[in-house]
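Quick one: the structure is below, and I'll ask about it shortly.
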């Protein structure tokens, strides 16, 4: 059995499938319109994308530490690591909002061109997953803080952790695919 | 899954984390340098594949479960990366 | 399904998923409504077009015809009929119905005034100018 | 029947079946008009017949949904209905309003009907499926609210199960999304965009919640499988329904003037829409195979399994066939859409209603199941209707493919009417299949009057 609740894995796989389809669609849409994609890609802020990758990877690491802590029955420490991960998620959102703000005030929308359609769809879709992941982590954190998990019984922590890693994984592909590769 | 030796588990996770950060910086450097072409593309995509595999194996802990779960994630990863590669190469003149 | 997969978990996924995707739908709808003016050319919706749509609806044209592919499949697509036939033909056609040809599909006589016919044509003209991503595939609709 | 007030469901079911007969009769008229164009012209022009056909479908489905609500909510909540009297009053209001609407369609020209019923105050008429005059639309809202009030209060004072919760959610969604039928902007693109909020979010959204709840209820009763298991499946299925179906609305936004990104969103998400239907099929068979009792009502079991299979074929497979934007570019607004619409509506909604009626009607008539001969007749009607619907779908699909080939492909496309002449053979075959369907329906009604003792309950 994978870590955490089996149900979350159905949804992790469903989410990976949906993102996978969008990634492949992006690649084939680009193949039909290489110049447009390369030109539009130049206007993306690679630094903010890279910093966000670092932020998400770090938050994933914090979640790993939280799981390690609860396995040693350290509920308080677990809650603190999760809080740190949620904090990093918040940093991700702030950076992303700044990036979106720059794009929107430049008059870019889903209908600007196919590249921006994909860029905005993928990043906003992912953005909403980050929010959902933070909500799940927050629920896990509250339960951990009130002593709801122990060294023997911590499937909930692993469930939240698995979902959060999935959000991280998607971004790890999204960043090079949309921001870097041309 | 609780048979893992804890301090070792934490230490290896830390090493994985640092490796992921390092690989991200390489990708970033390539991006800022505006390097292109199919060789660079394969390298950047390959890096992403390795990073996802590291997260799935070490962070998610799929390394210690049945091959099925690991296989689904790996299969998804290779399929997506493969199709993306085909799409990119099909555009190279 | 495994025993670790509880009903409560399924319920949470249902609520979470429904809210999540409904919010996404609202966000996309917001963007769509923002960007529609560039595609529907609403600056060209004159009073005549508005009256024409009313004629279109109160004669239940959509009960036989399609417009932009939606409606009944008994009679031709009319989203692009202005481009296919032109305004004068449309008016003459409506006035001459029904054909009465035995065994053929019949269109009722609606006894529209000249003003109403003009309004209907302006509505069909405006409709034919909507950006429909190049649908239909050809002029036959 | 465990609670006296469940009896109010009976008139609802009877009305539903009566209107179903009307729907099929008008379907046969239209099918004949497809081949002999001037049939019944000018008495019943095609657009009037179609209005009656589709509106009767909606109304009989609503009657059956309400009947199902009145039947299963008291049993799930383990308490009498909040107000049986209100339920009966609403039945008559709805029946009379529905009948008057149909009479209005048939007796006066549509434009006159619009004028008589205040369409100039708030223009809502003349849009596909929402042709009802303003008073009828308002009536639907009032009846729906009274119904929801009645069953919501029943649930509140009794046991709250997942099935009644899901049913309530679906029915409340039905009422809420119907409100978009009152929004009719003069901009056709906006009109169409929000028209789908009623139509799509009904049939590919909240109605599936109702369907799931009804099916789950019947499966619990006839299989005796543990409620926890069935309700878990129910949640997973409807979760997938909404996850795929809400954004799946985008498959209607490809060619009506909405931005092009809908081609991507609509294609990806609606391509996943068959998943919940597939799960529903697996669910139905799985539960029947794991049954813990042999319920004497074999016909209801057959209908339940049929719902799973036919909704998957009609909504899932036939929907998927033309949901991807590059395919839909050619199939949009052709007989392919008609083919999909017929099998999906019959397989999902008509059949779940018949499942519910098949299970509940014997109970309402004071027996656990009908006699063996009545059930045999009912099962014959099941096979006749189902198989002929499959053939209707196949013939319309063939007609659609030929239509696309002649009218939309190639360098020398035919006009619409010339194309119609070329596919006439398939329309004849469709009409014959329709007649077989009608025979099935007659057998179905006959099965209600077949009186020969009662089957034994072998629990």
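Per-chain residue numbering starts at 1, and chain names A, B, C and D are given in the order in which the chains are listed.
What we mean here is this: contacts are C-beta pairs under 8 Å (C-beta built on N, C-alpha and C of every residue); 3 or more make two chains touch, one makes a residue touch a chain.
Bear in mind that the values here come from a model prediction, so they are computed numbers and not experimental data.
Note on connectivity: the fewest steps through touching chains from subunit B to subunit D is 2. If each chain is reduced to the average of its C-alpha atoms, the one that sits nearest the average of all protein C-alpha atoms is D. A count of contacting C-beta pairs for C-D and for A-B identifies C-D as the more extensively joined pair.
For the pair subunit C and subunit D, the distance between C-alpha centroids works out to 23 Å. If each chain is reduced to the centroid of its CA atoms, subunit A and subunit B end up 15 Å from each other. Rounded to whole angstrom, the centroid-to-centroid distance between subunit B and subunit C, based on C-alpha atoms, equals 47 Å.
Centre-to-centre separation between subunit A and subunit C, using Cα means, comes to 39 Å.
In subunit D, the residues that reach two or more other chains under the touch definition are 236, 243, 259-261, 265.
In subunit A, the residues touching two or more other chains are 1, 110-111.
Judged by the touch criterion defined above, the protein chains form a pattern that is neither an open path, a ring nor a star, and not fully connected either.
Across the whole structure, chains are in contact as follows: A-B, A-C, A-D, C-D. Every residue of subunit D that touches subunit A in the complex is listed here, in rising order: 236, 243, 259-261, 264-265, 268-269, 272. Looking at the complex, you find that subunit A touches subunit B at residues 1-3, 9, 13, 16-17, 20, 23-24, 27-28, 30-32, 34, 38, 46-47, 49-50, 53-54, 57-58, 60-61, 63-65, 67-68, 71-72, 151, 158, 161-162, 165-166, 168-169, 172-173, 175-177, 179-182. Of all residues in subunit C, those touching subunit D in their complex are 1, 5-7, 10-11, 13-14, 17-18, 20-22, 24-25, 28-29, 31-33, 35-36, 39-40, 42, 45, 49-50, 53-54, 56-64, 66-77, 98, 100-108, 110, 126-127, 130-133, 135-141.
The touching residues of subunit C, when paired with subunit A in their complex, are 1-2, 4-6, 9-10, 13, 16-17, 20, 23-24, 27-28, 31, 34-35, 38. Those residues of subunit B whose C-beta lies close enough to touch subunit A in the complex are 1-2, 6, 9-10, 13-14, 16-17, 20-21, 24-25, 27-28, 30-32, 36, 40-41, 44-45, 47-48, 51-52, 55-56, 58-62, 65-66, 69, 72-73, 76, 79-80, 83-84, 87-88, 90-91.
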